[in-house]
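Chain naming follows the written order as A, B, C and D, and within any one chain the residues start at number 1.
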Amino acid sequence: MTPSPSLAAAQSQGTNTLAQRYQRVRDATLAWCMDLQPEDTVVQSMPDASPVKWHLAHTTWFFEQFLLGRWQGYRPLHPPWNYLFNSYYQSVGPMHARPQRGLLTRPTLGEVIDYRRHVDQCMRDLLERAGADPELTPLLELGLNHEQQHQELLLTDVKHLFSLNPLKPVFRGRAPMAQEGRTVPLRFLHGREGIVQIGHAGEGFAFDNESPRHRTLLHAHAMANRCVTNAEYRAFVEDGGYRTATLWLSEGWDVVQREQWSGPLYWNEDLQGEFTLAGEREIDAHAPVCHVGFYEADAFARWSGARLPTEAEWESAAQDRAVAGHFADSGALHPLPAHGDPDAPAQLFGDVWEWTSSPYIAYPGYKPEAGALGEYNGKFMCGTWVLRGGSCATPAGHVRATYRNFFHPAARWQFSGIRLGKDA
Amino acid sequence: MTPSPSLAAAQSQGTNTLAQRYQRVRDATLAWCMDLQPEDTVVQSMPDASPVKWHLAHTTWFFEQFLLGRWQGYRPLHPPWNYLFNSYYQSVGPMHARPQRGLLTRPTLGEVIDYRRHVDQCMRDLLERAGADPELTPLLELGLNHEQQHQELLLTDVKHLFSLNPLKPVFRGRAPMAQEGRTVPLRFLHGREGIVQIGHAGEGFAFDNESPRHRTLLHAHAMANRCVTNAEYRAFVEDGGYRTATLWLSEGWDVVQREQWSGPLYWNEDLQGEFTLAGEREIDAHAPVCHVGFYEADAFARWSGARLPTEAEWESAAQDRAVAGHFADSGALHPLPAHGDPDAPAQLFGDVWEWTSSPYIAYPGYKPEAGALGEYNGKFMCGTWVLRGGSCATPAGHVRATYRNFFHPAARWQFSGIRLGKDA
Amino acid sequence: MTPSPSLAAAQSQGTNTLAQRYQRVRDATLAWCMDLQPEDTVVQSMPDASPVKWHLAHTTWFFEQFLLGRWQGYRPLHPPWNYLFNSYYQSVGPMHARPQRGLLTRPTLGEVIDYRRHVDQCMRDLLERAGADPELTPLLELGLNHEQQHQELLLTDVKHLFSLNPLKPVFRGRAPMAQEGRTVPLRFLHGREGIVQIGHAGEGFAFDNESPRHRTLLHAHAMANRCVTNAEYRAFVEDGGYRTATLWLSEGWDVVQREQWSGPLYWNEDLQGEFTLAGEREIDAHAPVCHVGFYEADAFARWSGARLPTEAEWESAAQDRAVAGHFADSGALHPLPAHGDPDAPAQLFGDVWEWTSSPYIAYPGYKPEAGALGEYNGKFMCGTWVLRGGSCATPAGHVRATYRNFFHPAARWQFSGIRLGKDA
Amino acid sequence: MTPSPSLAAAQSQGTNTLAQRYQRVRDATLAWCMDLQPEDTVVQSMPDASPVKWHLAHTTWFFEQFLLGRWQGYRPLHPPWNYLFNSYYQSVGPMHARPQRGLLTRPTLGEVIDYRRHVDQCMRDLLERAGADPELTPLLELGLNHEQQHQELLLTDVKHLFSLNPLKPVFRGRAPMAQEGRTVPLRFLHGREGIVQIGHAGEGFAFDNESPRHRTLLHAHAMANRCVTNAEYRAFVEDGGYRTATLWLSEGWDVVQREQWSGPLYWNEDLQGEFTLAGEREIDAHAPVCHVGFYEADAFARWSGARLPTEAEWESAAQDRAVAGHFADSGALHPLPAHGDPDAPAQLFGDVWEWTSSPYIAYPGYKPEAGALGEYNGKFMCGTWVLRGGSCATPAGHVRATYRNFFHPAARWQFSGIRLGKDA
C-alpha cells in the first residue's frame, strides 16, 4: 500500500520518538482501567457502546492486523480473535456481531492484557527493525489515533454503563477545579465571509475524512463566544421545550415521545442533579450542558431564535487558534465553565463536542484510503451529523481544527454540547 | 398571515384562471381513481404509504383548513375529520397516528367524494368572492401543488399495495410507447465551476424549501447525459453488487442484509421481469432503472467508479433548460429510454427522480413559512436525501429546476433512479 | 377418507334438509354484511382478526377444498385463490401470511360474492347428485359449523375494527330489550362430585376436539348461578384491581403493564360507557361483563376469593340443560342481565363465553381427524384456555354442552366473560 | 406467619443438622464457581438466564429477606441491594428489571461473596439462637431448596453463555464415565389405571405447588422404559422432522421457522457434535437427547406414533421408586445412557428433565403460601408445561417424585429431554 499524502506527512518524526509515543498512548489506555474491576470491563450497556475489555483487545488487534501483519514473520497470537475483535472491516474477514460484544466473557481481562503486552513487544521490535520504512509511520500514527479515539469511547461507555446501575458507581472521584465559578456572558462574534479553505493538508496526522483541503463558500454569519450552559438549557426545559412539538425536527419529536425524554441524558428529573464519572453531582449552572443529541441541540437553537453553526463556519473560526482547552488529561472528566475575554471564542477545543448543522458527508474530491483502511471512515457518511472540537474526555493532542467527529442525531452518551450560530 | 415573497409571486394570474386551474387539478386527482375499486382505496400497505381514500380526504382538508377556514363564515363540514385527515400539522391540533390510517374504513369513499364536492363548491364561492385578496392566491397555489404531490403519492402507494397482492393486479393497461427502443450512449458532460446561484426567487410558485436563492460554490465536475439504464444496473446485480459489502455505505449494507435485497424493489428474482402499474412486464434494458433507494444509487455509483451529483451540480445543469420530459400525463406511468443528442443532458425532468449526494437540509438563510404551514417542509430536514427532476408519475407542470424532493435513503417505492456524476 | 364416528353421526338427516340448511347458513353469513360498506370488508385491524371479505371467501374456499374438490369433475373457479384463502392447512399447500390478509384489496367484495354464488350453485348440484354419499354429510356439517364460527368472528372482528375508528361507527342500531333490568342475586350452586363423563359421543355434530367422551374426576365444588356483572367487575376496577400486582398471574401482570390496561377492552376511562356494535352506550350494571381476557377473569376471581371453574365442572353442570340462551339471532349483539330462578344456573349458553381454568389440551384418547382436517383443531392445543357456552354473537344452534372454544389468555375481542367457581 | 403443613413437616430434623446442611448447600453453590473467572459471572446471555453473580446474591438475599428479616435485630447489610436482588416478589417491594440483570457490574463478585459470608454468619447465629422456633425450619428448608434450584440454573445459564462465545470455553473438563456404552432397548411398560393419589403430603419438604395430595383418574396407558436417545432423535431430524409442518403444534412450527431451528439447542449442523459444559464433544448416540423444548418433544412423539406422558402418569410410575439416578454430583454434567433391566423404568430421576403433556396449573385445592412466599410458584401457573424427574445438573437430594418443574414450551437451555408415553 502506498501511504496517502496525509499519512505520509507524519513521517518526519524519528523512530525513537515513535516508540516512545507508542508506549505512552498504549499505557494511557490501560491507565483509564485502573479504577475498574474485571466485572466492569465485560458488559455492553447498549449496541452503540462496547465493553472496556473489547476496546482493549480491538485496539491491539488493529496494530496486529494493520501493522504487524504487513511486515514479514508475524503470526497472530490467537487467530480466532481476529473474528472477535475485528470491528467492521469487511475487507479483512467476517466478524462477531456488534450487539453481542458483551457476551464475550472470554478471553478474560487478564488474557487481553497479556495480548496487549505481546503485541506491544512485537511492535517495539517492529519499530526498531523497520522504523525507517516510510510506510510504517503513517500506519503507526493511524493506530495511535485510533487508540485515542477508543480511550474516549471507553470513558463514555463506562459512564453509560454505570449510569444504568441503581448503585450509581463512581468511576473516579473529582478534586475541586480551579476553573469553576461564573462563566462569561454570551456574545455572538462575526465570522469570515466568502470563499475560505477548510480541511486538512500538509504536515501532521489527519484522518482521511478531513481531506482534501478545499474551498468552500461562507455566508455572512456569527457564532457564540462559548457553549450553551446548563442554566441556559434548563431555562429551555422549564419553558416546556421537551413538550413543544413545533420546536423539534419531526424525527426528533418522535424520539422525544418514544423515549420519553425530558432533559439531557444524565440529568435527574428535578433538573438539579446529574450523573457524572464522579457519581451523582449537583448541576453546575455555569458549565456547558452536555449529553444532548443533535435533535436537542437543534431544538434548543430554534427556541433561542438561533441556529447551529455549519462545520465550515466552525472550522474557519477555529483554524487560527491554538488547540488549547480542557481535555481528558485535566482529570475532571466533566466540562467546566468558560472564562476569559468574552470577545474571543472560548471552549472551541475540549469541554464538549459541538454539534454542527452539517450532515457528515464526503468533502469534494474525497478519496478513502486504499484497502481495508478505506472502511475506517468513508462508509459511515450517511445518517450522522458532524461534531467539532473534542471534549473533556478527549486525550490532549488528539484533536485539531480540521477534525470531524460524527454521531447519529439521537446519540447522547458522548460529551456533546451546543454552540449557537446565526445569520449575520 | 403575510404571504412570503415566494408565494406572493403567484398572484399575477387572474381569478377565473385560478378557479379553472383549481378544478382541473382537483379533477385530475379523482381521475386517477377511476380504475380503482372502493376496496383499493382503504388499505395502507406500509407506514410510509397512505390509503387512496386518505389522500383524497387529506388534500381536501388542506383547502378547508388553510383556505376556507381563514375566510369568514366557513364551518368545517365534519369537525371530527380534522383529527382524521390532519397529516402532521402539530400547530393545528392533534391527529390520527400515521401508521393507523388504514384502519379508517369510515368515512367511506363515497362520503369522501361528497366531502370533496362540498369543499370544491365552497372553494368556487371563495374564489369568486375573495379571489382578488392578495393572501388568497399563494395559499391556493400551495394547496394545488400539495394536491399534485399527493397525486404522485397516490400512484406510488397504489403500486406498492398492488405489488403485495399475489394476484398482481393491473392498475391501468399500457399502450405501446413511441419512445421505446435503443437509448443514447452514456457520456459525461462538463458542468459549471465556481460560484453559481441556485434556489428559487422571483415569479412563480415554489415551496419554501427552495428558498432563498443563494450563491454556492461548484467544484470541477461532470454529469451523465442520461439516467442509468436497467441493463447497466443489471450488470451491477450480476456482478454481485448486492453481495459485496465494500460497495455499500455501512447502514445500506445493514438494510441489504436485513431486508434480503437482491435487486430493485419490483424486479423479479430472474432479473427479467418487473411489476409495474400495468402489471408484470419484461424489463426494458434501455429504460432507466427505477425503484432503487439512495443506498443502491450510491453503491452503483461506487461500483461504476463514479459518484452521485450534488443537488447544486444538478440544478446548475437544469436551470437553463425547458421543463420538458415524460410525466404522468403521458400515460405510460413507467420510465422510458432517453433519445436525442447524446451531448445534451436528457431526462433531467420526468422519468425518474434522481438521487443526489446531498442530504436534505436548509439552504443558507432559509426561513420556514410562518404559522402551521411552516411545518410543511422544515421539520423534515434530517435523515433524508434530495432527489431532483420529477418522474413519470409527477403531474406535468408540477416540477421545476429548483424543486427539492426528499426521501429516506432506504425508500424505494417512489419512481427513483440514478444519474451519475464525477469529479472533472 | 373414512369419516370419523363423530362426523358420521350427522348422516341421518335427508338430502333436501341438508340443501336447505346449507342455504340458510350461507345466507346468514351474507346477512351480517348488509350493514357494511365495501370499505369495511377489507381491513384487518390486528393479526388475530381477519377482514370480513376474507371470512366470506375463506368459508367458501372451505367447501370448494374439502367438499367440491373430493367429488369428480370440479375445478377451482380461481386456482390462485387457494393460496389466498387457505387459512392454515399446511397439508393442502402454502398460504398467504395471516397478518397480511388486509393487503388483499382484490378480489373485491363483489368478486367474492360471485365466488360464493358459484360455489353455492356447485354445492347444490353436489348435494342433489351425491347427497346420499355417507362421506358427504359429515363434511357438509363440518363446513356449516365452520361457517358459523366465522359468522361470530366476523362480528367480533368488525367490532374491533370499528372500535379503533375515532368516529365510532354503529354496526347495527339496537332496539330496547325485554330482558333488561335487575339481575338475579349471586349464589353458588353445588356441582357433582366423583367420576363423571364429559365429551361428545353419539348422534349429532361435534368437532373432533370434543371427543372422545371419557371419564373424569370431579372434586367437591360449586359454581355461580350467573355470570359476573359489569357492576361487580367495576367494583374490582375501582378497588385498584388493575394496579395490584399480587392479584395477577405473572404474565398477566406483564400484559397489564405493557398494554396499560385499566378495564375491559371496550370500556371508557370513566367506567361508565362502552363501545358496542350499536355504538357508544352506557354500561348496564346488571349485564355480564364482557371483553375480558383470561388474565382478567383469573385476577377477578382471585380478588373475589373464588376461582374459575374447570371445563369438566362446567360441562357436568351444563350437560343436562337445554341449550337455550341469548344468541346472535336475538339481535342485541350484546350480553343481557340474567333473570329467573336464582337457584338454577343461568346464562350457561349464550351472552358471554365463559373462561375456564382449563388449558386447552387434548382429551385422553383424542385422535385428530385424518388428513388435512386434522389440522382444524389439534395443532392449536398449546397456549390457549378453554371457554364454554357460546355468546350473544354465536349463531343459535351452533353451540352445545361439549363445545370447546379456546383463545389466548390475553385475547379480549371475543364476547368473553366470567363465571365464578369454588371448592366446596 | 404460620408455616403451612408442607413446610412444617421439615421440622423434625435437629438444629445442628440444619446448620450443617445450610453450610453444605451454601458451599456447594460457591464450589460451582471455582472454574469461573469474575468476567464469567457478570453477563446475562438472554432474558431467561441470569448472571452467576446475580444467582449468588439473590439466593443470599432470599435468606436475608425471608429469614433474617423476620427475627429481631437484623438490618440488611446493603439496603439498596434489596432492589437489585429481589427476583419477582412484588409484595416485598419494587425490583430491578429482569432483562437488565447483566448491567450490574457492581457489586463485584468479591463484594457478593463478602455478602454471602456476612449472611452465612448471621444465619449461623440465627440457627443457634432460634433453631427451635417451629417457624424457622420450614423457611430454612425453603431457602435451601431455593438455593439448589439456583445451583442448577447457574449451570444451565453458564452453558448458554459459553455456547454463544465463538471460542467455546470449557466449564469443566470431563473424565470418562463408567456408565457409557450401549443403552437398553426401548420398551413400553404398562402403568396404573383408575383413581390414584398424586401430590405431596406428610413428612419432608415440598414446594407449595406439589400440594395438596389428591385423587386423580388415570386412563389405560404405558410409558417408555427410558428416555429418547440421541440416535433416535437424530433419526427424526434426518427424516425431515424440522421441515414437516404437520408434525408440530402451530405455535411450535412458528418458532421453528422464526428461529430457524434444525436440531436440539447445542447440536452442530452436522448432527455429529454438540456443545457441552466440557466443550465441544461428539454426540453419544446412546445417551438421552437433551436441550429440546416441549414443542420438539411433542413433535418427536407425534412422529413416533406416541405421545408424552401426563404428569400424573409419570408420578404414579415414579412414586414407589427410589430417587436414584445421575445428578449433578456425579460430575459428568451431561446425561448418560440408561442401563439395567429393560422391564423396569430407568432414568426417571436425573439425566434429563422429562417434558410431560401437562400444562402447569394448580392442583385441585391448591393454596399458595401466605404472604410474599405465595409468589414463589403460584403466579407462574400459566403458559408453561410440567417437567419431571430432575437432570444431570440437579443437586442430588433436591428432587422427588412429586416435584413439578415448569418451563415455557420453547425453552431449551435446561437439560430437558423426552420420555414417550402412549394409550394402552
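The definition used in the following text is that a contact is a pair of C-beta atoms (placed from the backbone, for glycine too) under 8 Å apart; a residue touches a chain by one contact, two chains touch by 3 or more.
These numbers come from a predicted model, not from an experiment.
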Exercise for review: Just tell me the minimum hop count from chain A to chain C, counting one hop per pair of touching chains.
Suggested key: 2
Check your understanding: Measuring centre to centre with C-alpha atoms, which chain is farthest from chain D?
Key -> B
Point to revise | Whole-Å gap separating chain A and chain D, where each centre is the average of the chain's CA atoms | key: 47
Revision key, fill the gap. Cα centroid separation, chain C vs chain D, in Å, comes to 38
Review point. Where the CA atoms of chain B average out and where those of chain D average out, how many Å apart are those spots?
Key: 60
Revision key, fill the gap. Among chain C residues, those touching two or more other chains are none
Review point. So which chains end up touching which?
Key: A-B, A-D, B-C, C-D
Exercise for review: Under the touch definition given earlier, write down the residues of chain B that touch chain C in their complex.
Suggested key: 37-43, 45, 53, 80, 83-84, 96, 100, 102-109, 161-162, 164-167, 169
Point to revise | Partner chain D, residues of chain C touching it in the complex | key: 88, 90-91, 195, 214-217, 219, 245-246, 248-253, 294-295, 298, 357-359, 361-362, 364-365, 375, 379-383, 409, 423
